[in-house]
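Take a look at the structures below.
The two complexes that follow have chain A in common; it is paired with chain B in the first and with chain C in the second.
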Partner chain A sequence: MGKKYIDVKKIKRRILLEKITKVLVVLFVAVIPSIPIWLMYLGLIAQAFSSKVTVGIIPSGFTLKNWRFLWSTIQMGLKKYPNIWPITMNSLYLALGTALLVTFVAGLAGYALSRMEFRGRTKMMEFILALHAFPSIVLLIALFVLLNKLGLYGKGFITLTGVMITKAALEAPMGAWIMKGFFDSIPWDIEWAALVDGCNRLTAWRKVILPLVLPGFAAVAVFAFLAGWAEFIMAFTFIREDRWWPLSVMIYHVIGEYKFIDWGFLAALSLFYALPTIIFFIFSQKFLLRIYVGGVKG
Partner chain B sequence: MVSVKLNKVSKYFGKVKAVDEVTLYIKDGEFVTLLGPSGCGKTTTLLMIAGIYKPTRGRIYFDDIDVTDIPPKDRNVGMVFQSYALYPHMTVYNNIAFPLKLKKLPKNEIDRKVREVARLLKIDHLLDRKPSQLSGGQQQRVALARALVKEPDVLLLDEPLSNLDALLRVYMRAELKRLQKTLGITAIYVTHDQIEALSMSDRIVVMNEGRIQQIGTPDEIYSKPANTFVASFIGTPPMNLIPCRVTSGKALECPGFKYVFEDEIAEKILKEHNEIYLGIRPEDVLITSKEDSDTEAVILVVEPIGKDLVVTLQLGDEQTIKFLTPSSTKMNPGDKVYLKFRRDRIHLFDKETGRRMEYIIKVGEKE
Partner chain C sequence: MTRLKNLSRKMLPWIFLAPLIVMIILFWVTPVGITIFLSFTNVTYKNFVKFVHGIEGAFNYTLENFNKLLGGDPYIREIAMITLLYVGSVLSINAFYSLALSIAIVYFIRNEYLSTLMRVIWLLPRITPAVVYGFLWIWLIAPDSGPLYQLFAAMGIAPQNWLLERPYSQFLMIVVNGYVGASFGMIIYTSAIKSIPEDLIRAAKVDGASDFQIAKSIILPLLKWPMLFVISWQTLSLIASYEQILILWGSYGATRAAGTTVFAIYAWFKAFEMGEYAYGATVSLLLVAIGVVLIFLYFKIFGFHKLMQPSKIEV
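This part shows the complex of A and B:
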């Protein structure tokens, strides 16, 4: 009996060691590298809300002065910039429109790619992936020529809409892929059960399939929105009048005013621009995690 | 309730003939089982009856109405899928209520019917749960409740018990059968489990590679298999098929022994064949004395299965056969035994076509 004695202490020590190693690994891989990033954000916030900042991040004196662009015109030297709110509306229009278009197209395309047998389906899927690999900057010149020929270059609202449609077209393929994955995870049986239970194709879609892929739609919509919100290069190239700029282009121009650097103001403006991203990620994380667990099994 | 008729129904997926010229008549209120190995086209047949798949060729009738082009929702069938296919985003209550809501029944009537069928299936305490919070057996009952709640004319069941544990499966066999008889519903049941089929069905349809092999009562299927496929698919263990050559008029040359028939009928039947299978079920092989025996064999493996032993024997040089004997029998691997085949239980099949030869039926009917 004595020989089969298990050294509990030794095992406990080993488990403890493993735990410590784990913590150390996480610390070195995830925490330490992200410190500079967090410092930058902290600095940004500090800059935006204080009258004076030392060493980049230590604030002193709370002020909202840097946020004055929210209620007054931005003026730098002699140059006046358009009011922030119409510009924000432009960005919102661009982002929401992109989200709407992408969600719509990706939903239909994803369903077709997942559920329907048609000739060249695999080829098409490969093509879609390849399409997504092209950065939009590659298309810039071609698009420029095209818009010019069509007389759409620098046409204010129409051009902004054009940028939105182009952005949506670039984002839609990946959205379709994501949606395909979500549709793939719904077994045929569930769709068939709905048909036997008395649905037609449309009601089966609305009452059974849609609720199950809603998290997918949310993900695609959020990503498309953020892509639209972040869109810069096309808007910068094609939109001439400053009142049709989205926020990204305006920030670029304001930063470009090197003679009148106002760090506090720039920080506030950047924070303002980052707001939807922050909000959306907080909101969508919760939503995405609510994917039905265990119910649908492939 | 309706009768169901399939007239030369085929379904091709590209080049794959999933179902091939199936003709079948199911009486009103009958419990018919489609039995066959995995991939033989059972599910496809069921889905065509439900209206999910459209047959490539052939027509389907409910009573005298041609339903081939009618969509599933207008056929009034209930179906239990192998995966149960419960709606994961709905509670059990809403799963069961779903078909009724689509029929736009008044709320209180829906409620009454859902609770009634839930009580019938003993799931009334689970109504507020989500499917993911249920055990396999419970999910299966919910799927059944959802299929029954709309009082379908035909109930389609696709291997509903295959995901349950053995004990529950035996219990649910009886339960399902009882339910079907009480409700008087026409039921088409799909399974690959021959014991399920034999124990539950009014009639069995044995399928293989998309084709019907035999249609008959469990007794007919068991005692008069139409071909070697049915013979070797039914029974635990299945029928022994011993390849033999017809030598003279009524003598067979089999691995390790000669078998001689005494009657004239055998002679007449055997005359037209060269190579045949002699079929004998394990329970129809008897141990006997040397003088009375048909052949001798060497014991290879002995497997106890409770009340009986399954004994594998070596016959001649290569052939093995199995036989059943009560577990009290002394059986040692390596020993030699003398065997006799019950004469009235011998089946003969043509080797080339696999088809049953008429011999057994004649002898069987004389008794």
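This part shows the complex of A and C:
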């Protein structure tokens, strides 16, 4: 009897020890290293809405002064930045265009790869996967030459469109890959059943397949939209005229000018720009995660 | 008639694939060709316009760029070291640290909400647009006013300028990219851990195994493939990732002082800051070559089918 009593005590101590170690591991691996992330985003919000901030994140005094860029032009000495709204439209154009192109191209290709039998299918899939893994950004210099050769450089709106098409092309293999996955997850039988019941291929596609893959299209579209919205390097390198900058490029330049001087203004501007991303992320977290698992660059 | 039908059946897939193929040829294959071509020329900002307009005699073919890359450029050795440091360090964060992070988040934290909250927090650096993320770091470590600067200063670490003083600047480069990369590993690992059959863990528990023993003897061995996947995938993207370095440092002078000039950004500066397009392309070509070799290697190691399902677990 006595022996057993000691055992229980020992086990209890072991469990307690384990619990403490577990809490410590969670603390040192997951919680403490996340402090900079907390600081960043709490600070971003605090800075954007308050007139005075202590220790970077404790706000005092609510103000909308930092958001003045929404109704007036940003000016620094003699340097005048273009109005925020056309710039926002540029970003929107870039993002929506990318989303549209990628969804169209990837939807078609994904369907063919998943549902059709043709010679070189496996090779094609291998190639697409290889492209998806390949870091396309190293091709930037060549793309610059290409845009120049095609006469798309230094032409304002046309250059922006060029950036959009390039961005879409770089995102397309990944999109095709994801769409293929979505088509794969729909059993053949459903399409067969529709065909047997007298639908033609187009009706079967529209009435049966489309509703099932719609989430896939949505996911690819959202993902491409966010990629276009966040696009920086190509736009920064290729677009000369400030009138045709997307938000990312303008913010980059404004940060260079205003850092150390007006953090609140920069925070508000950054928050304005990051807002669509955050909103999309909240609403489509599950889709996005599914895509991220499929692989992402960065 | 049947012949025609056959033909159209054969053509249909290619019609569906045509837009993608056109895009790939124009924006992937052609640029690789251009990169190779440029490497053998002497195109700089001086003859660039003539080169673009295809004026005869605008440029010459030369091997000079390769001579530079293989020893003529005195800075190459240091850049190679920095790239190695960068890729190696960020990779270990992405592959190993994020493993500990995932186990802590999905297995040690039992509260569902807390676990989700931690995952979302760790995902933020990845989903935030790069420019905003970079700005937030500039702000965090701004001398005196930055909250992280103050935090470190309180612990006695207070360099004049985090951005320009080695080794702090290099530490910063690794950490900034590490936070983005950690979530990649985290996503892959957490979904892998979640797909481990509950029975396996329960059986071990019945046999009296502790959570640590389970993590060590069950979870870790099962994560071998996902880990290999994360390492190989991230190596590829890391050799070419320079967006954050460009956003934080912005000029060749700054990265040189800070010791953050990796190959990829060196190519960018050479081309777009100094106008040495041909030499920049040569540096890029080195990265393209490394990328292609690695991809071939991965296909050999993994086999196509394993790559197709990166997060599948083999029990």
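What we mean here is this: the second predicted complex is superposed on the first by the 245 of 298 C-alpha atoms of A that agree within 3 Å, B and C clash if a C-alpha of one lies under 4 Å from a C-alpha of the other, contacts with A are read in each partner's own complex, and residues count from 1 in each chain.
Definition applied: a residue touches a chain if its C-beta (ideal position, glycine included) is under 8 Å from a C-beta of that chain, and two chains touch if they have at least 3 such contacts.
Because the structure is predicted, anything quoted here is derived from the model rather than measured.
J.: Looking at A:Pro211 after the superposition, I want to know if it touches chain B, chain C, both of them or none. Which is it: first, second, both, neither?
T.: Only chain B is touched by A:Pro211; chain C is not.
J.: Which partner chains sit in contact with A:Phe281 here, chain B, chain C, both or neither? Use first/second/both/neither.
T.: It touches chain C, and chain B stays clear.
J.: Please name the chain, chain B or chain C, that touches the greater number of residues in chain A.
T.: Residues of chain A touched, chain B against chain C: more for C.
J.: Using the superposition on chain A described above, determine whether A:Asn200 touches chain B (first), chain C (second), both, or neither.
T.: first
J.: Would you sort A:Trp192 into first (chain B), second (chain C), both or neither based on which partner it touches?
T.: The answer is first: A:Trp192 touches chain B but not chain C.
J.: Looking at chain A, which of its residues have contacts with both chain B and chain C?
T.: 292-297
J.: Sort out for me which residues of chain A touch chain C in the complex.
T.: Residues in contact with chain C: 14, 18, 21-22, 25-26, 29-31, 34-41, 43-44, 47, 55-57, 104-106, 108-109, 111-113, 116-118, 121-122, 124-126, 128-131, 133-146, 148-149, 165-166, 168-170, 172-173, 176, 226, 229-230, 232-233, 236-237, 248, 251-252, 255-256, 259-260, 263, 266-267, 270, 273-274, 277-278, 281, 285, 288-289, 292-298.
J.: Mind pulling up the chain B residues that touch chain A in the complex?
T.: Within the complex, chain B touches chain A at residues 47, 50-52, 71-73, 77-79, 81-83, 85-89, 98-99, 102-103, 130-132, 146, 150.
J.: Which of the residues in chain A end up touching chain B in this complex?
T.: So the residues of chain A touching chain B come out as 187, 189-190, 192-200, 203, 207-208, 211-212, 292-297.
J.: In the complex of these two chains, what residues of chain C are touching chain A?
T.: It comes out as residues 10, 12-14, 16-17, 19-20, 23-24, 26-28, 30-35, 38, 48, 52, 97, 100-101, 104-105, 108-109, 118, 120-122, 124-132, 135-140, 142, 145-148, 150-151, 179-181, 184, 187-188, 191, 210-212, 233, 236-237, 239-243, 246-247, 250, 264, 267-268, 271-272, 277, 280-281, 284, 287-288, 291-292, 295, 298-299, 304, 307-308, 310-311.
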